[in-house]
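Read from first to last, the chains carry the letters A, B, C and D; within each, the first residue is number 1.
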Amino acid sequence: MTKHIIDAAQVEQHNAKLKAELQADYDALGGMLSRRGVDIEALTAKAQTFGVAVPSWGAGTGGTRFARFPGKGEPRDVTEKLEDCAVIHQLTRATPAVSLHFPWDKPADPKALRQQADELGLGFDAVNSNTFQDQAGQPATYKFGSLTSTNKASRELAVQHNIDCIELGKTLGSKGLTVWVGDGANFPGQSNLRGALERYIDSARGIYAALPDDWQMYIEHKLFEPAFYCSVIADWGTSFAVAQTLGPKAKCLVDLGHHAPNTNIEMIVARLAQFGKLGGFHFNDSKYGDDDLDSGSIDPFQLFLIFNELADSQARDGAGFNPSYMLDQSHNVTDPIESLMSSAVEVQRAFVQASMVDRVALAGFQESNDVLQAAQTLKKAFRTDVSPILAMARLRSGGAIDPVAAYRAAGYREQVAVKRPPKAGASGSGIV
Amino acid sequence: MTKHIIDAAQVEQHNAKLKAELQADYDALGGMLSRRGVDIEALTAKAQTFGVAVPSWGAGTGGTRFARFPGKGEPRDVTEKLEDCAVIHQLTRATPAVSLHFPWDKPADPKALRQQADELGLGFDAVNSNTFQDQAGQPATYKFGSLTSTNKASRELAVQHNIDCIELGKTLGSKGLTVWVGDGANFPGQSNLRGALERYIDSARGIYAALPDDWQMYIEHKLFEPAFYCSVIADWGTSFAVAQTLGPKAKCLVDLGHHAPNTNIEMIVARLAQFGKLGGFHFNDSKYGDDDLDSGSIDPFQLFLIFNELADSQARDGAGFNPSYMLDQSHNVTDPIESLMSSAVEVQRAFVQASMVDRVALAGFQESNDVLQAAQTLKKAFRTDVSPILAMARLRSGGAIDPVAAYRAAGYREQVAVKRPPKAGASGSGIV
Amino acid sequence: MTKHIIDAAQVEQHNAKLKAELQADYDALGGMLSRRGVDIEALTAKAQTFGVAVPSWGAGTGGTRFARFPGKGEPRDVTEKLEDCAVIHQLTRATPAVSLHFPWDKPADPKALRQQADELGLGFDAVNSNTFQDQAGQPATYKFGSLTSTNKASRELAVQHNIDCIELGKTLGSKGLTVWVGDGANFPGQSNLRGALERYIDSARGIYAALPDDWQMYIEHKLFEPAFYCSVIADWGTSFAVAQTLGPKAKCLVDLGHHAPNTNIEMIVARLAQFGKLGGFHFNDSKYGDDDLDSGSIDPFQLFLIFNELADSQARDGAGFNPSYMLDQSHNVTDPIESLMSSAVEVQRAFVQASMVDRVALAGFQESNDVLQAAQTLKKAFRTDVSPILAMARLRSGGAIDPVAAYRAAGYREQVAVKRPPKAGASGSGIV
Amino acid sequence: MTKHIIDAAQVEQHNAKLKAELQADYDALGGMLSRRGVDIEALTAKAQTFGVAVPSWGAGTGGTRFARFPGKGEPRDVTEKLEDCAVIHQLTRATPAVSLHFPWDKPADPKALRQQADELGLGFDAVNSNTFQDQAGQPATYKFGSLTSTNKASRELAVQHNIDCIELGKTLGSKGLTVWVGDGANFPGQSNLRGALERYIDSARGIYAALPDDWQMYIEHKLFEPAFYCSVIADWGTSFAVAQTLGPKAKCLVDLGHHAPNTNIEMIVARLAQFGKLGGFHFNDSKYGDDDLDSGSIDPFQLFLIFNELADSQARDGAGFNPSYMLDQSHNVTDPIESLMSSAVEVQRAFVQASMVDRVALAGFQESNDVLQAAQTLKKAFRTDVSPILAMARLRSGGAIDPVAAYRAAGYREQVAVKRPPKAGASGSGIV
């Protein structure tokens, strides 16, 4: 029996108030869809199948190099982070797994952590290694690189840390390791560009060798930051070439904020899918760089177009096509729980809208180069306000009709603000 | 009595088939809105007030420097362009004016053109000058600039052409002149940056002096193309400084594709409105540069956010706030009439959605820094599928429920393809 | 015996006037370099080995979609283009080969063209196919794609045209085919992203099969233009995946203007070199998009950094590393011959500067993470004004000390302006 | 008598070793320049006039939101920062002033700080306020904005802090206040765009009123970060409009890293100069965003082009044209003293190269549209390796021929590493 962080009666009470209105909206939408030949019930059932993992670090307030403005009741350890993640899943029913980040989330007792997760109805998605920071007392620095450092000791330390992450992940029930490194250079000449990638591949082979057969290694590329002249794994081309070099368990992870301006991300999705190397996603949104804003908050149509490609590949490749979904956001000015809940819903929205696209009609318009109608076919699905479907899916799965309202009504943040007093010195002294 | 290019009976027949379904959708949406406290009838009435001008040159097939692939039945002169524009307005009821471009559209008999427009129920929006091309036999070249050329004869020619445009516009009933120049430089050193703007201002004063009191001069900036190192009027800052220098009749025109990557265009709109210099828009969409794609086709949320600023300024400034709206697109792979119709509808959609924003709630969330709910307040309006409202507005105003379907059913393109055979040599030999 | 277009005596006279000053500068620079332990004579000898191909189409004046402003004495056919290319090579001694573009340059008599080239001391570099324009009377259109069209007839036509180009190239002595297609889409939905690349690969296999064993097929990617939503071969990742799929004769071509903003191009060069797929370059420069400006005119340091990667790969891979170099520029406001001469010199400058980098010292600084000195090691080479070396190399190879001055003194442009009157109707009516 | 941090004898010894070689290089360059009609002595004298301020915060190691990797011997307070700045000026003779940042550098005894600076031969440039971080115990937060906050208490606090900075600056002998705020929004809807700027202007008036008559207020714009959807002062247009609104003491500050991709920064410089609002610079370099890399390290030609505009405006406007120069960099992987020294030299290099441009010839080529020669005129100056001039200027002004070598030889960093042990807990725990 899943343990509920928020009293189930409170959620029920919330739903009771909104149910009639939801039903009316749902019926109205159902009528509109049925006039278009679409069965609302099939969509709702589809929506209920959706899940996206929540990043444990997302439960805390984020910041920039300039400052961090702490929020109230931030979780102080992985146990408290799990509690917050449980709230998110309880209310949205769309975030059944948590993605941990080591050493930040390193549990004193991994088995106990797994048990806590079980009780809360949560699983563990891919684990994430961290070789972009030095930990206190670390024997070799990552200042000039980790997996690609010219210093052998730094490389070995980074490889071993990744292997340790795999070990921890095995205990927790994870099936994937996400590897993102900040390695690169700030100045032309600082690094030998080929040499750095050779060292990366060499180090990555060491990690790959430790990977269980049923695991995947997700290689995450990023154009820039923290390296400002070049990053070793800067683009999907490099990520792809490396994944090919390593072997079938190595796949590419697409973070929506890690691309050059104007990049067509949905095409990268299509390319990686076509060549069998699409591993998964870090969902977020951005206007400038790796802004890590709430998913769908800046360009919701782009999110839809990405899911349109996923739906197309699903139709082509069937059950074997199974990329992993994770949110990866930095919540600087919102309540992290609220942002994660509404972001999960936004990603789910794009998933449902993409599943509404009339693919037969679309293929016909594409074949005959009826460009306008092909474009309108996508727009028609995107324009449809599927909010009642998402709410009904939540209701039927035991969640809240309006997760943010239910969360606020439950007073969770105020409660943890009392239980979790701010750490001394945690106030925002950013790096400049 | 307006003369209809497409037989009104055909449009009626089209509407008759779709009317019942539209009414059902409209009622369903009306119910949903009413549960949110929104009156659908007020929105429909609002939608009926909307108008955006159509560019005469948009009626032909566009191209790139690489090639142009002509379409069937392209209009061969301004008279035929007006006919196509009339079709667009007949079916959408959202494009009551046409924007002409000289010398491309220079009429043999301006008064006859005005009469044709009157009969078709069309007016004339701002006229556009062209000093980015040399005309056959032109006494001085624009190769190295027009209003900013170091050659006095070129500058004078360009000034005089603009004055001629004003004269023509007066006869046609226009009230504005849009000035866009391609002037700039391809190489560092080619042009003295301050000198070029000094000459621009000097030339612009000559044009401004010829402007009637009830006219506006729209200064259109553009980051690049055709100049590839620098453009004289490259950004809104320059446009704004020039408009201030010239006087109250000079305003700034915002083309959605004329900005640097990642630019927040809605903020430029807000800034120009705040400082009293927002003249109007060239609507289109783009992913890379000045792609001139159909409005709302790439980033519909951005279009909504622009209209959200317009609604905010309308509420602040009242009737005095009256920017001019025009489409400016290049239709390379679609039927221009279809693209212009659906683009007019897209802009109208953003207009209606922005008018749905609950501004009192929004202001409250902004005041209390409830960031998530502020963001959701905009999203709620954007997500609403107002298609039934737009269709009902068209129906009530005498247009077509589904303009593209009605247009196709009427067989207009096939008819003009016969009447307007392709010009010899007009096939696509692009510039490389 | 090479036939000289410009009277050799004129060049000699030009050189005679500048020789003493050049010698003094050369000696002064030689002294400075020798104090740094660098032998100027080795650099001059190295400079003399450099060659970059000239694009035949570059000999004419370019334009934009807005306008083309013709220059005087533009070549009217491939024979005249060859003459202009011969002038460029005569004066710079750095452009021994010409790259042709079909059907633009399709010779009536290929053997005669080859003989003309032989007489002028020119060879033929890669030939270029053109499936981005429709030719008069073409049986199937490329409006909606060529190698990737959904229309089989269009695809077959495009494949056959490429095979024809190979055939022509064989006669002319070329050893490579450059394939650039404008295929893509202007709107989301217009094209099935995976389907389009599947068709591309299928078509490309047909071309690859016709490729002689000692030829290379250069796949050229481009982010956008003429397609404005997505391009089928948009980035190096796609180009690389396709080249891998096709086989060892398929390589990737890097055009410096075909990338997203902020892209680190030298890293792409390093990646392609590392994975054995760097085919060659289209050199030019740009500030915004595919601006096709003169090489090194906007960001000369970037050009140097690219050659720094080439020098690194040369040192690693030896003689087997042999990418092909070509200029690809659009000369809208300069004399094309002057631009091509000075661009060839700019590329040669970067080549010589990169060969001056102290690679042993650099490797040491990289190994020890002496970031500042590593960066300064590159900067030191870049800062060195090698102009006297380049001029001396030209002088010793029989060219002109100052190619542009010699060209102007020879009055070549004025002479061809008489011989080559402008074509009627060729004046600039751009596409809008 | 200036107190030298590094023993003057050590510098002399360093110079003695390099003097002969420098003289030989200087003479060789002098000969080359004299053959071009340029007097090297005039350039050296010009170089000696150059100065750029050093930011106190630049003396410490910077970081990113991901991590900070501390360096050895980082200054622990403003006194130690001044010592480091003194070393930079002692060796380069190009950084006579320091720019302080409050509250980071708030001195216990301002008069004592001024005396220390006097003894070290340093002055104080503009002071910088900080309202982008909360200080411990602060009565109102800047989490949702400072000068633009909807919370009156936050706005008043921010205004008062700026007034306090002015007061401190008066005591220290500053003549300017730089105001940069991170205010903006992360999400559409979070902030009313016009309202935020209205509040900014209102707050700024309060600061402006406290400004002494001989002071300037530098308004610094920035496209994004820490705000990721919109920044209140995002571009030069907004900065300019605000400066105009405030009055003649308000000017615009240009940071080279605060612009949209592809922006032509030298044109912004020209525009602000033309309209009398160019206040000064924060020099650095970048490839992606506000990367804060060493000046001239990524795009040295851009730095030159900016100084070319400054030289042009100097020639036009004379002594009244006097923008302020400051470095603003983040040194994440280099010794900050080394980076600041070589960056000061890079900026000085651009200054000297720009002063070499033959402005009469350039104006002639511009007038006659000899585009190629105009471009080459700039390139000729940029290509000239003026390193011997810069070294001779330093030598003559009492600095070091090779500042970095002299600094390393003096063992300064090792000495302060002993004197300044790392703060506990200062190790790099970045914000994520």
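What we mean here is this: a contact is a pair of C-beta atoms (placed from the backbone, for glycine too) under 8 Å apart; a residue touches a chain by one contact, two chains touch by 3 or more.
Each chain and its UniProt protein: A, B, C, D = L-rhamnose catabolism isomerase.
Here the structure is a predicted model, which means the values were calculated and not measured.
Trainee: When the contacting C-beta pairs are counted for C-D and for A-C, which pair yields the higher total?
Mentor: Answer to which pair has more contacts is A-C.
Trainee: At the interface of chain A with chain B, does the proportion of residue numbers present on both copies reach over half, so same, or stay under half, so different?
Mentor: same
Trainee: Report, in whole Å, the distance between the mean C-alpha point of chain C and the mean C-alpha point of chain D.
Mentor: 39
Trainee: Please report how many Å separate the Cα centroid of chain A from that of chain C, as a whole number.
Mentor: 43
Trainee: What are the residues of chain C that contact at least two other chains?
Mentor: 143-144, 186-188, 190, 223-224, 229, 261-262, 264, 287-288, 294, 297-298, 301, 333-334, 369, 371-372, 375-376, 379
Trainee: Chain C touches which residues of chain B in the complex?
Mentor: 57, 62-69, 132-134, 136, 141-144, 182, 186-188, 190, 223-226, 228-229, 261, 286-289, 291-294, 297-298, 330, 332-334, 425, 427-432
Trainee: Tell me, which parts of chain C touch chain A in their complex?
Mentor: Per the touch definition, chain C meets chain A at residues 143-144, 150-151, 185-195, 197-198, 223-224, 229-230, 234-238, 240-241, 259-264, 266-268, 270-271, 273-275, 301, 305, 308-309, 312-313, 316, 362-363, 365-369, 371-372, 374-379.
Trainee: Going by the contact rule at the top, pick out the chain D residues touching chain C in the complex.
Mentor: 21, 24-25, 28-29, 31-32, 35, 261-262, 264, 287-288, 294, 297-302, 333-335, 338-339, 342, 369, 371-373, 375-376, 379, 382-385, 387, 404
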